[in-house]
Structures are given as structure tokens and as C-alpha cells.
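I have placed the structure first, in the form of C-alpha cells, so that the comments after it can refer back to it.
Letters A, B, C and D name the chains as they come in the text, with residue numbers starting at 1 for each one.
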Amino acid sequence: MSSVPVLLFASYADAFGGRTIDVPIRPPCTVSELVDAMRAMAGGDRLPAQPLVAVNHAYAAPDLLIRDGDEVALIPPVAGG
Amino acid sequence: MSSVPVLLFASYADAFGGRTIDVPIRPPCTVSELVDAMRAMAGGDRLPAQPLVAVNHAYAAPDLLIRDGDEVALIPPVAGG
Amino acid sequence: MAGESPVPVQGGAHVAVVTAPIDVAALIARVQDDGVGAIATFLGTVREHNDGRAVTGIDYEAYEPMASRELERVATEVTERWPGVRVAVEHRVGTLRVRDASVAIACAHARRAPAMDAMRHCIEELKVRVPIWKREHYADGTREWVDPTRPAVTA
Amino acid sequence: MAGESPVPVQGGAHVAVVTAPIDVAALIARVQDDGVGAIATFLGTVREHNDGRAVTGIDYEAYEPMASRELERVATEVTERWPGVRVAVEHRVGTLRVRDASVAIACAHARRAPAMDAMRHCIEELKVRVPIWKREHYADGTREWVDPTRPAVTA
């Protein structure tokens, strides 16, 4: 695999124009490396300084390693309730 | 009038054996004078040191004057909710 | 929340001492409003034990006219302290069984903090001010008026 | 409170992301128990204005599997911090209109303080952790995702 599929929601889905994008980076890579790669993509300029990332349904630290097969999602500022 | 009718509830009604008693004191009298007169009655020994008294549906200070026609009630420790 | 609901109170709180079971959804509907974003609700219910004894039911007795007046005073204080809050309070009297609701409070506001603060204030004030008493029925057949000013025998 | 009610959860909390209207009485029934003396409930509802703009409705979107997991984590933390508390949380997704409930939380305990503290903790944590988003529909026909990290334009 030379890309990581990333789930997108709400304003991030609007920014990148889809609900899933393939980010061109080879796993394993860190969460912050993935975010850096996303900044270079169309719509990536609309990401905040430290976007939240979830890996396998849990919030992930910037240095967490993403492996092939992990479910990765970029989490916009939450606004439930 | 040479007495003041006093409404009783819950444990105080049990103590004095009724839901209303006529306290032998001539109004106008203060709340604390009324309570002192009640202590001399049968069951009065079961009153606490500072029983709450309501006059016309509002809690009354010990020095409040009770007048003829006022609705007077002795309020046991409340336990609603 | 769906379906028909009573007409909401226009200005002023709803307070009542009732004998029928409390309908919490109806109470919530009373404080609902297009400007409401948060509704905090409190229910007091009869539990099967207290102070280490098995409880089978509770008689609630109120000094009715003063209890209503005192509930109104609490509600008025709350609407003064948290402007815009909408308040509904009902206290049930009579003989209640385990799980029955004795009191229900609903406080609504545009924002959640005032709704929750007002709700908590209502129940804390109600507990110390409103002339209502309870007599617990115990599994051994005895009945006793509860005195919160007397220290509990057990925790 | 009267009438038939769903079987209460035996151990563990009830959490769900739902599409149908939330039934608050059913949620309360889930946390009811013979040992419960207090039930604190929170409802979040759609209001007709926000940040100075007229709102006609809100789309709620969730990252469903993670939202359920995060709600479970919040509920587990609450039951660890307030032992004996019973928790039920439902968050609705889809398009909601003014007055519709988006979230409902019920926390029950023998005593009122843990019930109210746990309820408040649940809604505060939910607001910052659970991956759910809302897009407001405005009276002028526009729609916008709400970003709580962006300062409000008006009070």
C-alpha cells in the first residue's frame, strides 16, 4: 500500500470534497506525518493547526504509528449535544 | 379570643394527638411566647429547641407578633423530595 | 417529546402539589419553548431502603397552601437569579410505592449551565424549605416520620 | 413514570446513536431501579436562534462507531467515578427541527448529588469528545457547520 484511506466528516468532508480520501503516504507512518501529507492536498489549507485524528475509533497522539488496515479518521471540532 | 389555633403536621400531630390544637395564650403574642405555651401542653416535651413556626404561610421569626385571625402552623423538620 | 403537549406556561413558573402520578414528559413540555436549548430535570423516587432499613412505601404529607407558596418562592428566586430560566416543579403527596416519583423539577434555558444550576438550586432549596414530610413504611410493619435533622444510624 | 417500561439494563450503561425521536420517559425507565432515589436528566434541544442568527433546523452527523465507543467510555468513566450510578445516553442524528431533542442523558443513584454530578459530567464530556457535528440551517436559506472552537460573533 502506498496510500492511507482517511474518513472525513462535516466541514472536513466539504474541504476535501469527499467522505473518504486516499492520502499518498506509505504506512507505517505517524499521525503527524499523515496530517502533513494531507496539508499538501487540495483543501488541506483549511485544516487547523492541530487537527484531531482518530485511529481505530480512538483519539490518537501525533506520534502514534498508523499501520496498514487501521481505520483512520480526521475529526473536525466536535459539536454534539 | 384567649387561645390561638395551631395547625400540626406529621410527627408534631402525633406528639400532640391532633391536627389542630388550641394553645391557651391571648393574642397578640410573639411566636416564641406561643412555643413556650405549647411546651407546657401534653406532648410539648417532644418539641425541639427551636421549632419552626409559619404564620400566614410564611416562616416567622421568634419575635413576630401573632394576631387574632392569623393562620399559625408548627413546622416539623421538612423531609420532602 | 413528540406528540401533543400541554400549553407551555406563558411567563412565570409552574408549581403544584399533586396526588396523581407525575408525568415527567408533560412537565418537560411545560418548560419547552423555541428559545430553549437545554432542559435539566430532577426526579426524586422512592427507594427500597433507607438508613439501613427495608422500605416498602412512603406517605408524603404537605401543608398544602404553604407548600405551594414556598415552591412559588423558590421558583421566583430561581428566575431572578438565572434570568430566562423556565421552571416547573411538582411534588406528589399520598402513599407512594418503591420506584414512584415523589418530586419532579424541570428547568429550561437557552444554555445548559443555567438550566443545570437552576435545577440543582430548586431541589436543594425544596429539601430544606418546603413543608412536606414523609413517613416511611418498613418491611417489619412499622412506620416512622423521617427527621433529616436527626443523624442517621447507619451510612 | 407509570405504565409499561423497557427492561432496565442489568449492569453497564445504555448508550446509543439514534435516528428516531428520543423518548425521555423510556430513557428514564432504563436507569430506574428499586435502589434509585434520584434521577437527573439532561435534554439538549434545537433552539430557534444561535450566535445571533435565526435557525430553522440542524443536521446532526456522527462518526457512528466511534461516537458509540466514546459515549461508552464516558459512561464507564462516570460509573467508576460515581460508583452505583446508572447511566443512559442517547444522541440523535439526522435533520432535527426547532424543539427536537438532540441528546438525552439520564443518571440515577441512591442519592441526588452523585446523580446530578454524573449527569453534568456526561454532558460536558460529550460536548468535547464525542465525534458528532451539527450544520445549522438559517432562515436565509444558508447552512453552516458549527465550530465551537471559533469565537462567537455575538453573545
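Methods note: contacts are C-beta pairs under 8 Å (C-beta built on N, C-alpha and C of every residue); 3 or more make two chains touch, one makes a residue touch a chain.
The shown structure was predicted, so the numbers you read here are calculated from the model rather than taken from an experiment.
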Chains partitioned by contact, chain C not counted: A, D | B
Chain C and chain B - chains in contact with each: none
Taking each chain's C-alpha mean as its centre, the one farthest from chain C: A
Gap in Å, rounded to a whole number, between the CA centres of chain D and chain B: 48
Approximate Å spacing (C-alpha centroids) for the pair chain C, chain D: 22
Whole-Å separation of chain centres (CA-atom averages), chain A against chain D: 27
Contacts with two or more other chains, residues of chain D listed in rising order: 44, 112, 123
Shared interface positions of chain A, touching two or more other chains: 81
Pairs of chains in contact (touch as defined earlier), listed by label: A-D, B-C, C-D
Chain A contact footprint on chain D (complex, rising order): 44, 60-63, 65-67, 69-70, 91, 102-103, 123, 126-135, 145-150
Interfacial residue positions of chain A with respect to chain D in the complex: 7, 9-11, 14, 48, 54, 57-59, 73, 75-81
Sites on chain D touched by chain C in the complex: 1-2, 21-25, 28, 32-49, 98-101, 110, 112, 116, 119-120, 123
